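Sharing a structure here in structure tokens format.
Should a chain be cited, it is by its letter among A, B and C, assigned in written order, with residues numbered from 1 in that chain.
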Amino acid sequence: MFDLIRNFFTALKALVKGSRTYYIWVGFLSFLAILGGGAYIVQLNKGLIVTAMRDQVSWGLYISNFTFLVGVAAAAVLLVVPAYIYNFKPIKEIVLFGEILAVTAIVMCIMFIIVDMGHPERVWHLLPIFGTMNFPRSLLAWDVIVLNSYLCLNIFIVFYVLYKISHNEEYSMTLVRPLVILSIPMAVSIHTVTAFLYNGLPSRPFWNASILAPRFIASAFCSGPALMLIIFQIIRKISRVEIDNKAIFKIAELIAYAMGLNLFLFGAEAFKEFYSGTVHVAPIKYMYFGLHGHVRLVPWMWTALACNVTAFLLFLSPKKREDFFFLNLACVLVITGVYIEKGMGLVVPGFVPGTLGEIYEYSPTDLEIMVTVGIWAVGALFYTLMLKMAVPIYVGDLRFSTSKNEKQ
Amino acid sequence: MRIVLILIVMFFFTLLQPIVVVATHEGSHSNKSGESKVERDLPKYFVPPPPFSEGIFPCSDCHADMEVNPTRRKLEMFHTNIELKNHAEDQRWCLDCHNPDNRDVLRLASGKLISFEESYYLCGQCHGTIFRDWKAGVHGKRTGEWNGKKVYRLCVHCHNPHQPRFKPLVPKPPPVKPIDIR
Amino acid sequence: MNEKKDKLTKERRVSRRSMLKGMAAGAAAIAIPNTSDASIWDAFFQKHFREMNSSEVSAVIERLEREYSEKYKLPIEVKATKAIPGVKFGYGLDLSRCIGCRRCVYACVGENNQSRNPQIHWITVLTFKEGEKWVDLEEANKYYNPSKVPEPGHFYMPVQCQQCENPPCVKVCPTKATWKEDDGIVVIDYNWCIGCRYCMAACPYGARHFNWAEPGIPKEEINKSTHYLGNRPRYKGVVEKCTFCIQRTRHQPGRYTACVEICPVGARKFGNLLDPDSEIRYCIENKRVFRLKDDLNTNPKFFYFFAT
């Protein structure tokens, strides 16, 4: 009991004590989070009327972010595969940070779903046993299950490993390895199920393309690792964590392949739509050329495409991707490109033109953007605090006491 | 004794059988084994009375003492507001439908006289398919109960018999555009 | 056997619910003031409509009637009339007659207590230019506003819930808050809907509408005769849709829907698909009918036809 209290304070101290930059960073994020929280309270009071979503485009920025973040969460697996299956040492050591990112991303996903709901207090209706989960018919029920399982799995791995290290104990590979290996199909499944969520709606021809799930996976394997590359460099800079360049370059190489595949799949989809030229071409035409004079998405979509192509070329050349300027540039381009393509560029065209042919040009309201920024701030804060604990444990600065190791 | 009786019954039944079969077969042809018939019975419910212009009925109030002029002509003294339009005006004229001898009733082509309450027979002479649809409840407005008392309207409740084309209406306001819903 | 199992799961569910109830009530007692009002908690813990027995349903209805009368200062009756056995509702719409006057849209709004502000219309009337292709609906216009209708060279197509036999909205609902009743009407439990709007994405007919804000209805325009699954006043944050005027039609004898009753040209037909003598059966058997987006295999019970 005494240990527990003491360890709690040790942990608290680890979180509270930090450099000036740390305080500024945490303060900044908290400010954004509070702003977002305030905006959300307004939304709760007035209803989703404060967003730009309407019957014609009934999902918007929130669900776009959700989709993007599921991809980020799934991409943690890209690190796990070489680390554990091929035993690629340099990556193995940083898997932990990837998994913390996955946990963060899923938490953010859940927040984005909650803020999108008309009745968040009824969320328990979704649960099995307590509520009436429509499993297995509804893909949203599947998504609830896989996302939460993936979250639990990653939380368990992260906390188990950190706990063991922080108590100077060896973690059991016989326990961790099967869980880590299990997380690989789980990661693929969270993103596949999310893709199927859209895919299974024949009323929306833009989503009802079987290429959607592979495209989701491919783009996730670009954006997730790109985000991680940037985070790893920051971690390496501000802490004593050593991350081998080899690991970073390997991940960059993997991003190049994933982006190549992503562009190929996009090309396949674009060919099919434009060449056949049926009525189902309307959404993709809306995205890249505009429809009946409605062109709001056009500049965004071309920006995304340009980002993705440039990043692909940069990552493809070993010389460029091993130059940190170009590497980071390419990472930013990938994140931007995929965020547009898989966020608004995926959700909005599903609704434009609407099922009755109506074109409503959605563009999020300030309040919607505030809530979104707030959730991103909460996510960043969560990840920062997690790292604030995990990094010292990882490098050996932070240790918890138990009666056992005290005796030793 | 009982056996004999049964045998006799069976014998007659055997005789009858081909007839019975033919009958049911025919029945299924015309009636698609109990499904709905094309030709329906007359409806049971109406909205009486016919929509006469104010003070115009009974016609006999004026016409009883007037002599019938069977010449086709443009009316200049009375009923000047009545104009046959979009209703085969070249082929027809007042007395093709209005009974010359007793103006309080209508006259079918067959010479049969009908009341204004039964005017659908008159319209049905030419508009056979519409008459059929109307009887089935498919042409025209229906109110009341879908499984009970159905309220029918006469043709003339919606169509002016002299100018039957439906008059354009002022539409109700369009929906609010999503951009204006706040 | 199955029944027993069903009952068991139900009991277990109930007991776990009461456990959850205790937990949440405890937490909320700290978090939210004003918990003295028991009806908030009754509403929060209200069960799924189809999982309630008849006494629970009547308790809920009593509470709802009380809430509505407090809110609207009017006695509002909430029925829970069950489907009539042997009835499957079908609808016919004569495209050769419709003149696009939108009388049906507003009759529906009044009958079904749709929000006036923000505006919700369960019926959308589309107009097409004659001779234009209309399969993709992209050429359709629902905001037409000429001085008189029909406009020459145009035709009109009202669209509302098609009451699919194979409804995609029901399939995707994560909480089973929407389902198809025995008489074929697709309904929503407004107290169970979480407002995720997945059904709106799934509906090929734009038939589902969301209460983006608290529905606004002038008190004097409220229709006081309502059905739990139909036109009772809705809440902010739930989805709603046409229910073939469930509050009118589910009676013996039952009235025609409001849209049928108002239509000045008699373009709208309604009846029992299982009754060979019904108007709708006559349409299907004797007219050329088609269903909107039949290729999606939603199997609508809403038939468009051309009587001439």
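In this text, a contact is a pair of C-beta atoms (placed from the backbone, for glycine too) under 8 Å apart; a residue touches a chain by one contact, two chains touch by 3 or more.
Note that this is a predicted model, so its numbers are computed, not measured.
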### Message
Based on mean C-alpha positions, I'd like to know which chain lies farthest from subunit B.
### Response
A
### Task
Name the chain with the Cα centroid closest to the overall protein Cα centroid.
C
## Note on the structure
Chain-centre distance (mean CA atoms) for subunit B and subunit C, in whole Å, is 35
### Query
Using mean CA coordinates as chain centres, what's the subunit A-subunit B distance in Å?
68
### Task
Mind pulling the residue numbers of subunit B that touch at least two other chains?
181-182
### Query
Taking each residue of subunit C in turn, which ones touch at least two of the other chains?
118, 124, 142, 212
### Query
Using the touch rule from the top of the page, what residues of subunit A touch 2 or more other chains?
49, 54-56
#### Entry: Complex contact set, residues of subunit A against subunit B
49, 54-57, 360
### Message
Please output the residues of subunit B touching subunit A within their complex, sorted ascending.
### Response
178-179, 181-182
### Message
Under the definition above, what is the set of subunit C residues touching subunit B in their complex?
### Response
87, 92, 94, 99-103, 105-106, 118-119, 121, 124, 142-150, 212, 249, 252-256, 260-261, 263-266, 269-272, 275-279, 281-283, 285-287, 307-308
### Of subunit C, residues touching subunit A in the complex
12-13, 16-17, 20, 44, 48, 51, 118, 124, 126, 135-140, 142, 159, 168, 171-177, 192-198, 200-206, 208-214, 235-239, 293, 296
### Message
Residue numbers of subunit A touching subunit C in their complex, please.
### Response
46-49, 51, 53-56, 58-59, 113, 116-126, 129-134, 137-141, 144, 197-198, 200-204, 279, 282, 291-292, 350-351, 353-358
